[in-house]
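The structures come next, written out as structure tokens.
Heads up, the next two complexes both have subunit A, just with different partners, subunit B and then subunit C.
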Partner chain A sequence: MKAAAFEYVRPVTLSEACAILRADEDARVIAGGQTLVPMMAMRLARPSRLVDVARLPELAGIADEGAAVSFGAATRQLDAEKSTLVKIKLPLLAAALPWVGHRPTRSRGTVGGSVANADPAAEIPLVLVTLAGEVEFATADGVETCAARDFFTGPMMTALPQDAVLTRVRFPVWSGRVGVGFHEVSTRRSDFAYVSACAQVRFENGVCAQLAVGVGGGVPVPTRLDAVAQALVGTAMSDADIDAALEAPVAALDIMTDHYASTDYRRRVARELAARALRDARDAAIGAAA
Partner chain B sequence: MKVELTINGATHVADVEARTTLLDCLRDKLGLTGAHAGCEHGVCGACTILVDGEPARSCLMFAAQADGYEITTIEGLAPAPGELSVVQDAFCETHGMQCGYCTPAMILTAHSLLSRNPSPTREDIVEAISGNVCRCTGYGQIIEAVELAARRLAGSNAAEDAR
Partner chain C sequence: MTAPANFKFLSRQRRVREDRRFVAGKGRYIADINRPDALHVALVHSPHPAAKIVSIDADAALALPGVHYVLTGADLAKAVEPMMNGLDTPHVRRFPLAVGQARYAGEWVAAVVADTRALAEDAAELVNVDYEPLPFVIDGEEAYTPQSAPVHAEHGSNILLDRTFVWGEVEKHFSESEHHLSFRVTWGRNSTVPIETFGVLAAWDPWGETLDVWASIQMPKYADQIARAMRLPGNAVRVHYDVDVGGSYGVKRGIKHTVLVGHLSRLLNRPIRLIEDRLENMRAGDAHGPDRIFDVEVAFNSDGIVRSMKMRALDNAGAYAGRAPFQLGKPIGAIVGPYKIASVQYRAISVTSNKAAQEAVRGFGQAPTNYAIETMMDRVAAHLGLDRIELRRRNFIRADEFPYLIPSGTKYDSGDYHTVVDKVLAHVGYEALIAERDALRARGMLAGIGVAACLEPSGGNSSFEPLLNDKNTTTTWMEACRINVDALGAIAATIHTTSSGQGHETLTSTVIGETLGLDPETIRIVRPDSLASLPGNSPVGSRMAIMLGGAAHLAANKLIDKCKAIGALQFGCAVEDVEYAAGAVSHAASGRKLAWAELVNIAHRNFHLLPEGAQPGLEASHVYQVPTAGDLPTTDGRIQMYPCHSFEFHVVLTAIDPITGKVDLKRYVIGHDCGVVINPHIVKGMTLGGIAHGLGATLMEEFAYDDQGQMMSQTFMDYLLPSSHEVPQVEIVHHCTPSPLTVFGQKGSGESGYLGSPAAISGAINDAVAPFGVRFEKLPIRMTKISDAVAAARSGKA
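For the complex of A and B:
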């Protein structure tokens, strides 16, 4: 359980980091290292070089952009969890963060690292896809932006080029009477989710005016259920409305299986957790101040 | 490569490989063997230390990444040689351990919890130590230890001491 030998470099600028990654295709970016280091310890990853981006000034800080909140990719998950801005403007992310690993991994793990790693069971990518956020990355050629729905291409696979550094992750902010819900089932506290589901709802004049719901864990990539939103916007979101709206979209989900949980079980749990998340979000939105 | 680390308030310099984890550096280079090597891939929590006051896995950091932080190990908790911190003492008193392998990490995790939350609920304690595996105790006495330490730190132990 010891990593193979590699070279450690800590560039002081983003452009220097991009140049190193372009010159060595076996180099890997490290920030928090909470997934990469165990992969290296098990020799599932053997990078030639680790490019430590954790202290790059370009990757630091949580920014209030009005219609969105963006995170420098190296923002520690625990710092995001402690942020008042996140609690106020991104209640869904605030609800999801305590589910990310354990506090001792959140203290090192980064927001950008979780997104770049693209574990299908990861909570931050689920919230990012559900809220239709976006990802910013830099290569030696410049900075590019990618919508979350196009970024995650499969389990542990993303649209991020090999020589890119993920620089920012941006979550849209909703205003008005907003409520959220987040639920997850796993074997042990903070273990990988069999299924997770989250929802954010905005109410206006007693009916749902805006809705986003997504399912993660057990699906190859976090999946936003747009058909549910279409069915429920304009309704009062009764429990029966919610159940009816979830039926077909959950039945159509591409559910994965393993020796821990069957496809049927995960699908049942996905439907139930999505319903709970929607009910929680509805109740919170109705109770919220405008 | 040379790394300069701040551990328990003192500066240490060690000559390590890039692949040397902070855990191995602490244990093998600096003789700080209170951080225990368990699973060495971030699952068991036996290697937990504090980085700027927050618990972190020393097996999931390379020593080369660790300069510039205030690192606290179990060796740094006691107020003086031969003494115990309040949390350490509470673990002794409630018998919050059997084999002791998870204990330094449990104590550091509890120390960090009580620093930010002086009066945790039982749920807060369970949540805080949920990343630390103990295969002996069933956790009951560990939770009692943290509760006792919290009461003592709050200064509400006068009646109990008088008994």
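For the complex of A and C:
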């Protein structure tokens, strides 16, 4: 388990990084390395060179943008988890972060790295899609943004061009009295989830005023269930309402299977975890309103 | 034998001396040992489960700067002998590299030697092997059929062993019994998977004509096997035992690795180092455990008394024979568990398949067998509507019936099963536990209680070898210790093996300290290399407390005898009138006394004061024979297997999420009786680790193969080991029934926990899902399967 030969560069500026990537199509960006390094050790990934972006100033910092909170792509997951801003403004991300890998991997892994890697079971992409966030990236041609729903195109696949550096990840902030729920299941805590689900709910005057719910893990890309939101906004979100609203959208999900968990398992558990996340979010929102 | 309460050092909560260096990160493991001129090895692996090796082209690899050599199986086979088989199966030949044919996906086909491991891996990719895929077989039952593709064509079939033992009047007991039932359970292929993979460094010295070997090894007769395979005299192989082994529990048997690097070192005249990476360890370390299907028939009466049992155990040994088939033999020594079952028919079948080769794993086959026996007891209880614990009580051997001869020829030394169960139930509050289970069920959880009672045969000898191989006449499995008192009076004692976390230095120093009445902290423990060692068989079969402890105690007694003889001459009295205590000898009648320093001085410097015929110096050795061992099997296949029998009784409460299937062990209690405990910390650590290991085997660990013959769980992403999140708090209830056979009454403990927890945890899950008419009969029981089965049962009812 020794990596194949590769070169390593640590550019000082973002534009330098973009230039290197444009010049070498087999170069790969590295930040925390928590996925890429094991892949390289098993020679499943064989980049010609690693472009280390972890210290680029353009990729640093958590920013309060009012209607959104954005993360420099190289923000360590553990720093995001410990951020008071995240706890106050992005309660759903705060609930998801402790499930990302393990504490030692979170101390190295980055927010942008998790998004760029696009594992279907990854928690940060699930929250990003559910909250309809966006991704910002740079190439030698300049900076572009991409809506999260368009960014993830398949398991481990994204709209990120080969020569791009993911620079920022932006999560919308909801105002008002918000409750969240996050659930995932795997044989061991913090393994790749068979299924995960998250929900964020805002209540006004005893009814649901705003809702987002998403499912990850058993699906090719994290999937936001807009039909569930449409069905539940304006209701008191009784358990029966939730179950009824989930039925058809979960039945329509494109579910993956493998040796460890059947399609039926993943669909059944997706429905259940989404219901639990919605109930938790509802209860928290009502509690916050009280 | 000293009464346990009077021990000064034994059984006391004293620190484990090895822990200091391990906790401080100062262990000396194989990867810490290197030679600057060493070359490194990487392996070329077969991608096919079975394939003819048509040709191997190494030109591109050899052209890479820094690459020294590429060895093929054909070349190696010319230079070394095949590795030893346990059974008499001469046509199941095995070399460290595949010769002519690859027999499992991942098998080593060629070895590349280079300046660094990374370079060797680069070069290994450039070795071009032309394969011709062959038919293969993965499933054990399929391999057993005559039409299956034989893994070793020259052997003629995949059957390594198919022998039926009948002990007692099985058919008579079956016909007399009021009830029969039969079932099948399957034990999945798992292992111990140590944190440290296997590693070895071999250095051939052409001037001394010796091969020096440092290895992360736990293997009996290791040096002998290296010498035999390399066609060297035994005294040309020097294994260094002062290497800390980072985990093993049976699997660190790297004989193929060692013969490979030994040969390369002799060939290239350079030290050669091979340290497995995780992929090599998982897919080709040949370190998988038993992979076993049990078909059990049981005959019993309405009162729950089990009269007789027929067990067919089919084990999938993988591509080569090795010692794996013996793992069907060892459980014969406790084939009836802790129960009075009057007769047994046991059919042991071992087959080859195109999976990786199997090796010894903690318990040497006993954990799967215990799982089958305990499932049987649960099934009988369910059939009769009896409480599972009450059923076991009715069948337990009673404390006053020891020594107890079981049908297969082993005499159990001692035990008090009823009392251990009473103590556990009192500790648990069994009625309250049932109420807790029912309350969980009322809240919508699946909840169940599991119980298991089982034995840990210990003091390992090798009686299964002559039992399963007529050509093998082994009747001893000795262990030894030598104690040397230097001219300044300090003590050094020897261990003639490596240790993989068992605390042998603590064991030996504690036993000698206790015997001599001297502080164990002052006793140094050393490990001579194999050329300077007394005979021994390494820590296998839960034996070292008994065997090394016994040897150390008896050697210390010889030292005491020497001291007494010196005293008798000085005191002018009979040896019988000399007392020894805490390093000094005395004569009660005269009040005279000789202190330790004076005894040492006489022994080392005053030959004129020594008794006639005495040798100068103060040292003693003892080579200890396994208690009860020494006989060959009877013609009807009866033999005393291991001498001592520890007992454990598990009670576990589980709560399972009815939708996700997630298993939570809410309460785990084990009653444990391993006789007199030498160091309580070590026994506790063994037991807790064993339960965690059994939890893994029950719920998550499996070397799974797909229908293309590829192993799917090659890394820790797919081979799931329990983490601290999954392992519950375990409460241990102690009991002590001393063994009458051992020097202090000690028994073995190295396999505790693992031997019963799979039965207990699977029993708890089956209790939890019983209301749905669901039963799991195959390990591991994945959470996803629980969920699927419960959902299917629910939709069937709807």
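Criterion: the second predicted complex is superposed on the first by the 288 of 290 C-alpha atoms of A that agree within 3 Å, B and C clash if a C-alpha of one lies under 4 Å from a C-alpha of the other, contacts with A are read in each partner's own complex, and residues count from 1 in each chain.
Criterion: a residue touches a chain if its C-beta (ideal position, glycine included) is under 8 Å from a C-beta of that chain, and two chains touch if they have at least 3 such contacts.
Predicted, not measured: the structure shown is a model, and the values here were computed from it.
By the touch criterion stated above, A:268 is placed in contact with subunit C alone, subunit B being left untouched.
Look at A:108: by the touch rule set out above, it reaches subunit B but stays clear of subunit C.
Of the two partner chains, neither subunit B nor subunit C is touched by A:46. Contacts of A:1 after superposition: both subunit B and subunit C are touched.
When the shared chain is aligned, subunit C comes close enough to touch A:192, but subunit B does not.
Shared contact residues of subunit A with subunit B and subunit C: 1-5, 42, 189-190. Looking at the complex, you find that subunit B touches subunit A at residues 1, 17-19, 21, 24, 39-42, 45, 48, 51, 54-57, 59-62, 64-65, 109, 127-128, 130-131. Residues of subunit C that touch subunit A in their complex: 117-118, 121-122, 125, 277-279, 657, 659-662, 699-700, 704, 706, 712, 715, 717-718, 720, 722-723, 725-726, 782-784, 787-788, 791.
Every residue of subunit A that touches subunit B in the complex is listed here, in rising order: 1-8, 10, 30, 33-34, 37-38, 40-42, 50, 52, 54, 78, 101-105, 107-108, 189-190.
Across the complex, subunit C is touched by residues 1-5, 42-43, 185, 187-192, 194, 259-262, 264-265, 268-269, 272-273 of subunit A.
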